[in-house]
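I have a structure I would like to understand better, so I am pasting it below and will then ask my questions one at a time.
By letter and in written order, the chains are A, B and C; residue numbering begins at 1 in each of them.
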Amino acid sequence: MSGRFEAQLAELGVTLPDAPAPVANYVPFAVVGDLVHVSGQVSKAPEGLVTGRLGADMTVEAGAAAARVCAINLLSQVKAACGGDLDRLMRVVKLVGFVNSTPDFTDQPKVINGASDFMVAALGDAGRHARSAVGVSALPFGVAVEIEGIFQIK
Amino acid sequence: MSGRFEAQLAELGVTLPDAPAPVANYVPFAVVGDLVHVSGQVSKAPEGLVTGRLGADMTVEAGAAAARVCAINLLSQVKAACGGDLDRLMRVVKLVGFVNSTPDFTDQPKVINGASDFMVAALGDAGRHARSAVGVSALPFGVAVEIEGIFQIK
Amino acid sequence: MSGRFEAQLAELGVTLPDAPAPVANYVPFAVVGDLVHVSGQVSKAPEGLVTGRLGADMTVEAGAAAARVCAINLLSQVKAACGGDLDRLMRVVKLVGFVNSTPDFTDQPKVINGASDFMVAALGDAGRHARSAVGVSALPFGVAVEIEGIFQIK
């Protein structure tokens, strides 16, 4: 199945991977009414984990690319929540981005822009969302970025 | 009152404590429609605070036990939100777990599993939830874990 | 336009600034049904950013004042979401407060009280909310506090 949003993704050169399964006793998403709460997605690309700490061993550009990976993983989960039809996605409501940061790194917004910009590039106005971006001392598996999200579907 | 869920809790050897009251000008939970937003619950057991920092002075197992304490406190608040009848809980929708971590600790998921596993053990499928787990540099009172949650009730 | 809530704000000596616009490809708030999800608001006052790190170069009182700035910015966004009529605000549902903290600072709740106390002072019972307060290693632009929120409107 390939709808409007997946066609836009293809134009961006992105094929959604199979929705990453969580590695513990929880679920990748929970649907309540028309909202999908997606579990925090880490920067894990098909070719492996994107690890690093902003302010130490990673540029802002590399951090933004890691955030984009999280965004792709979020959309994979939303597609699964939509039974495979991503066009049921009405809008991205909210993202919370956690950036693996040294205490003196203060460009978390530029990093999470990697996800925000991707959402709008892929989904148009439906991709515009409320957002928080914060720096944290450590993330699972040493990944650079973790992002969770709330999505409205039909 | 002792319903189905509290019977399962009793089998796990858990009696829900009185819902911990917040120590400031806010409320322990807010109900909107059929959703309960529960304030971040710290790892405070009846016998005292569970303090520590993962990667420094606490094992993953001790961290998971602290996360379980947070989960018990969350359910105490949900029970209060349900007017004392925990069986009105439909499902755990979402947990966000903050783990007091050194920069080199990366097993936040294993720590928060202490809460996720408990929810499923106590509530069955109703306990399955979306989740995020991140490491933070500091938590209130030096506790090891803080977890907030969204719950659906009837 | 000046309604009941803005009159109470005026008594507190507070005039809501124009809603701060985000500096990236996202929106300051997203409305879904009767809920407004407001993007993380940093401690940026009309006279400039409130920067600092609790436990290092900032007192708890200064941190609480920074949290109050975040709360004012949140209400500015809610007012914008309400088309300029803040009296459409039904209640503050949930706040998540991120405090720029050294690893040994543990008074995050006292800092975020600056926001919680302000909400209740300005809005009365409608200002009571569920809440989380955590310490993070770094925040955008070096600000002391960032707070995101969920609000119910009519």
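One rule holds for everything that comes next: a residue touches a chain if its C-beta (ideal position, glycine included) is under 8 Å from a C-beta of that chain, and two chains touch if they have at least 3 such contacts.
As the structure is a computational prediction, the values presented were derived from the model and not from experiment.
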Starting from the defined contact criterion, work out which chains touch subunit A and subunit B both, please. C
Given that subunit A and subunit C are copies and touch, would you call their interface same or different according to whether over half of its residue numbers are shared? different
For the C-alpha superposition of subunit B onto subunit C, the rotation angle in degrees, rounded to the nearest 5, equals 120
Suppose each chain is reduced to the average of its Cα coordinates; what separation in Å results between subunit A and subunit C? 25
Which subunit A residues touch at least two other chains? 96, 102-103, 136-137
Give the list of subunit B residues in touch with subunit C in this complex. 22-30, 32, 37-40, 53, 96, 98, 103, 136-142, 146, 148
Quick one: in the complex, what on subunit C touches subunit B? 34-35, 55, 91, 93-96, 99, 101-110, 112-113, 116-117, 119-120, 128-137, 150, 152
